[in-house]
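Okay, so subunit A shows up in both of these, paired with subunit B first and subunit C after.
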Partner chain A sequence: MSALTFRRPSRIPAAPLAIVIGVTVGALLILASGGNPLTAYWAILIGALAPASLPDALNWAVPLVGMTLVAALPLRGGLVNLGGDGQLVIGGLVAALAPLYLPALAPGIAAAVAIVAAMVASGLYASLAAWGETRLGVPMLISSLLLSYPAVGLTSYVVGFPLRDTTTGLAQTVMIPRAARLATIFGPLNIGLILMAAVALLAVFYDRRTAGGYELRMRGLNARFAGYGGVRLASQTVRVMFASGAVAGLVGAIIVLGSQFRFHDGALIAPGYTWSGLMAALLAGGEPLGAIGAGVFFAALQTGGFAMQRETSIPRVLTMVLQAVIILFLAIRHGVTRRSR
Partner chain B sequence: MAPELAAIGIVKRYGSLVANDHVDLAVERGEVHVVMGENGAGKSTLMSILYGMQAPDEGRILLLGSEVRYRSALDAIAEGVSMVHQAFKLFNSLTVWENVVYGCEPQRAGFVDRAAAITKVGALAQRYHLGVDPSAIVGRLSVGVRQRVEILKALHRDARILILDEPTAVLTPQERDALLAVIRNLTASGRTVIFVTHKLHEAMAIGDRVTVLRDGRVAASMTTKETSPSEIIRAMIGRAVNLMVEKGPAKLGAAVLKVDSLTVQRAGRPAVDRVSLAVRAGEIVGIAGVAGNGQTELIEALTGLLPPDQGRVEIAGHDVTRRDVEQHRRAGLAYIPEDRAATGAAPEASAADNLAMGYHRAPPLARRGLLDHRALAAHARRLIARFGVRIGSEADEVGSLSGGNLQKLVVARELSHEGPLLIAEQPTRGVDVGATEFIHRLLIAERDKGRAILLVSAELSEIMALSDRILVMFEGRVLADVPGTEADEETLGFLMAGRIREAA
Partner chain C sequence: MTSFITPSLVNSAVQAMTPILLATLAGVLCGQVGVFNMAMEGQLLVGAFAGVAGSYFLGSAWAGVTVAVAATVVFSLILAYGATLFRGDSVVICIGMNLLASGLTAYLLRQMFGVSGTFSDPGIVGLDKIRIEAINATPWIGWIFSRQTAITWMAWIFVAVLTIVIFRTSVGLRLRGVGEDASAAEAMGVDVQRYRIVAVLIAGALTGLGGAQLSLGGVDIFSEDMSAGRGWIAVVAVMLGRNHPLWAALACVLFGVADALSVRLQGQGLPNQLTDILPYVVTLAVLAVSHRRRKGGVYLETITARA
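Coming up: the complex of A and B.
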């Protein structure tokens, strides 16, 4: 009997296979609606990777990869943070308000202060969800999601009424001073790209090389084992959620300080970075490098989608369908695998 | 004459686990047949097969000598076999008679004949002295009465054979006595009862015959009048192989583990009730007892997994009461847990990762919070070689290891901790004879090196072979503290059954 031990099929070939199936289903959909799949996919490819469009793709990838890490960090330990939207807007708002209401600082320093303030605020807000679980027994799946709505509502109120830019008639803050804006590298790219790349590297390093990363990984594989081995699960939950929230705050700060220069109600959550990021993280099972790869892939797909919509008559919703089919297929695979165990 | 019910060579497998391994059971008409065994011995599986809820992989079931094949529990009911489950299957908002006739209603012109149903249920209740009002709402009845409603349901379907699955688990002593009286009435009128329990005194009080299951096999089948409680206990927990371990006299040092008046509440009752004990360096203290008498909770409280409600725990001079696992471990605790796959390892992680747990914060495996993967691999290879774990490489997942090999891996990790205290919980459960012997020799060697060892085992032979002192736990309390050399199976058996007087 011991010779018949079951081996879970490796997950690595599963993702490419899922992508192939997603692309095939998408092609059938395009054919059914009277379009040409080859033109559509070519448009996506050019729209994402051609030299002219690459900066836009990267600019889209920065927040998406950031929100992927927001989901992936807790997921590595078997925890789920569904509150990315709330943490994102808190970070964005704090990043916008810090340079507006703090005394003027030198360029660079003003931006750094705004970023740090945003990260701390979002980190603390995410820790609230963790405390909900460790102190009050509210599952974090629920507490993180439910804490997201009041955050969105609060920021919407703040920029809609007390701190609104009364000159524009829109729910948004006034423009932040130049000193607090992120330096640009070239074209639309700013140093947010470098900051996010550094955070991504740090996440991979933490996961692979540190004792804390080891503890988180073991917890994800068997939380009871980690607890038995002496890992302090409650404080680990709070720490991981703080880190996860801080990354969301960074994403909010990069968008506000790097491209929008003000906090505009709804502008941070409308593109759906949080949920695309969550899907990318799930796709990789929380493994940071895989999650980052998936996040970049989704970002390319979505940017290419905009191009496809411009070039052909096919709506960019198609790329979302592709994304969904890929995730669904992976979910089916994992479900089937689990049952046969 | 053919027995009322016979099961022959029943085999039921769940994956690699054999829940029933060629089980034979013969139940005579009009007897109370007690089926005993520890948790996981295969009682529930056997009952669900007899009741048609599961099909056996092999084997036959005969009713009055002729073979039956159930497609579902409905077939069993039609053949006159009924079962009262531990969790009652009743509609709480309906009346007793509605519950009893459900699925088998007396009818008149296509409608339920209410009057006839009430009369019939009332008559049945009276005949067997059940004392149940047919018109009462079930939800308002006490647990004991609800159980009698279940019995009424079976009688209404004219069950000749009644299976009662741990019927006394939910009852007060008075309700239990009433149930035993009902069972006597049933058998007096020619019905047959199969009574599943792990309580010894009930088996002796009500049973005509007892069949004991252990590890999915029939360990013994005997007539109650001709057997003794200790014989039943031995059948429940003993092991065929007699384990002899050579060991010299203990060289005692200072007390390493000191427990004072420890109490752990579970579900409103003390699972551990004012337990005081001490384990000194250089000795093995064994905790004997039938499973479920507080051993699990005691160990969880001693390792920091479960905060105790009262009392004090001290490890090597450090007060660790209500501290977390990490602080227990830092005070010097090594711990081989009861369930190696659920607690003692992460099956999907590599051997290197599994063996690093607890060593991963300090040199040589880590410096300033950074892991040294080469040191991790070297550490794993060293332990694998020293403890003879059969595994391809330290990078392999441990989930594919056999039970004995995975246990060796857990033992290797825990014994390598320098801590002065080792708690070993069921260290050889489900482990083959070779690995058992190996682990026993290791435990003795650790004792001789001056480690304090607290051993919990459901195997009485293991406790007796290894322990310098034996503590017997019964209903959360430590009933006795017996020197290992003076312990004999019979006395321990009485103590494990909570019968202090006979043991004296």
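Coming up: the complex of A and C.
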């Protein structure tokens, strides 16, 4: 039945409709497990948007929006980077090790060096997947994902054995010196927020106002055509993946230098920023501004999820279900409207 | 050599390989009809959860397996209809399905069993191991096949069945036709959409079986995200085997060997963080070598999340 009614492109914009569907499915799930959807959603709303919880929501949004950009940049050109986790931990580890093992530097410079080192390391690691596609012919969708596992394993080994903080029983590095930590702005917020905002603006500018951004969009619409039109696809793949990985490195550096002050095994990937970011990017089809909006929305949803779990007995993984339903609905609905044209 | 490769090592490798093998066969079947399935990670998870839930509430391992297969088939409806009738992008749908599976099983784990992380209970009935004395006594064959679950046996039988069906029957001919040139198949009077939907659903059943093996075939627990990358390995195996069930199964064996080797190296005192990455490195290396012929290529297929 839905096939017939959905065949005509409706005037309701896709994303809000998808959110409504997601919220409805979530409500049904809550009802099925004996909860009250209204109180649950109210808890999410308050937990995300009340003035007291806003700093936490923003703090959660910084890495999530970062990982959204990691996914969105390649996606704009029709490429998929599934290796965000690996790039994230590489960046985090390098950011922690740089201030620990390089000679002491002045406060601002130490952090800057750590961030740049993290971005370059992650960027190079991500380019490895791109290089695998352009030189060896391994599809990047797979190589980026497969490269994630060795990165996670290696960083886990490094902080578990050779560079472990032996004074604690945990697999983590020692605390980084105060000089390399990011300055705080207000409450839990630090300079990372400003850095990420700048990167986000840069991504939007690149997408809309530069030749490179135009070429990337052309590739996303029709890669063959872009290739005939003179876009050097192979080098573009490597460049885009380097940028994507570098943003992942920045996210890792911001978390390590801004809030955790050490690299703790598993701490960067446990919150699942990578996959939520990928979903947000998919929600907007890789368009940076929309993706950033979607990333903020998911961050609000997840921060609210913590509050919901506290206030009601409903587990916060529900928000993950909501995100997945939204994406699935959009993917399917998009196909329907595409056919009707 | 014999001290390095022990019967129990071979045995556990074969046992561990089963979910991957079944997921791989599922991917092969979907690949043959031209649907790119990379939702096996999520499908295995759904199967594993449903298997434990079925076994726990119905008190029988085979009831659990049935529930696992049924639940995974239902879950696969998303891909079956989403990628055919609704013409969604299969990559986006599969990513969504994997996340849905992860979120949904974690949610249901808390709501149905009141635990987070891992659910273990004596009420979960595991699958029996098949013991045949004549086989157990034979070296190698005995190592491989002794004390395996019926699902492991079925998985290897399915490899043969799928190979015969795809390459030696008229149904298989049509299947391949749908995958190779859908419009030509359509012109020949083959209902392309129906073939695709049925193939994806059968693939769902296979992966559901794999999920049941994962949770009921030895450990008898369910833990969050317990598919732990096996579905992705299956995607790679399908790619390495170029949609041929035998070659894809061989790729699974390769991965199984690498996995067993990493367990062995761990036994030699190497830290598990390092040995765990061995299977992935081997897989990457094989991928790189096997794709060399297309050197310098850039994939022109792009995904469309939105126009």
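A few remarks follow.
Everything below uses one rule, namely that the second predicted complex is superposed on the first by the 324 of 341 C-alpha atoms of A that agree within 3 Å, B and C clash if a C-alpha of one lies under 4 Å from a C-alpha of the other, contacts with A are read in each partner's own complex, and residues count from 1 in each chain.
Just so we're on the same page, contacts are C-beta pairs under 8 Å (C-beta built on N, C-alpha and C of every residue); 3 or more make two chains touch, one makes a residue touch a chain.
All values derive from a computational prediction rather than experimental measurement.
Put subunit B and subunit C next to each other and count what each touches on subunit A; the higher total goes to C.
Within the superposed three-chain model, A:Met320 lies in touch with subunit C and out of touch with subunit B [touch as defined at top]. In the overlay built on the shared chain, the residue A:Arg135 is in contact with subunit C alone; subunit B does not reach it.
After overlaying the two complexes on the shared chain, residue contacts for A:Phe161 are found with subunit C alone; subunit B is out of touch. By the document's definition of touching, of the two partners only subunit B reaches A:Tyr228; subunit C does not. When both complexes are overlaid on chain A, the residue A:Gly285 reaches subunit C alone and has no touch with subunit B. Residue overlap on subunit A between the subunit B contacts of one complex and the subunit C contacts of the other covers 222, 224, 227. Within the complex, the subunit B residues that touch subunit A are 16, 303, 305, 324-326, 328-330, 335, 337, 342-349, 353, 356-358, 360-361, 366, 369-371, 373, 399-400, 402. Across the interface of their complex, subunit A is touched by residues 38, 78, 81-82, 85-89, 91-93, 95-97, 99-100, 102-104, 106-107, 110-112, 116, 229, 232, 235-236, 239, 271, 273-274, 276-277, 280-281, 283-284, 287-288, 291-307 of subunit C. Taken together, the subunit A residues at the contact with subunit B in this complex read 1-2, 4-5, 7-8, 209-215, 217-218, 221-222, 224-232. If you check the complex, the residues on subunit A that touch subunit C are 3, 6, 14, 29, 33, 75, 77-80, 132-143, 145-147, 149-150, 153-154, 156-157, 160-161, 219-220, 222-224, 227, 233-234, 237, 275, 278-279, 281-287, 315, 317-321, 323-325, 327-328, 330-336, 338-339.
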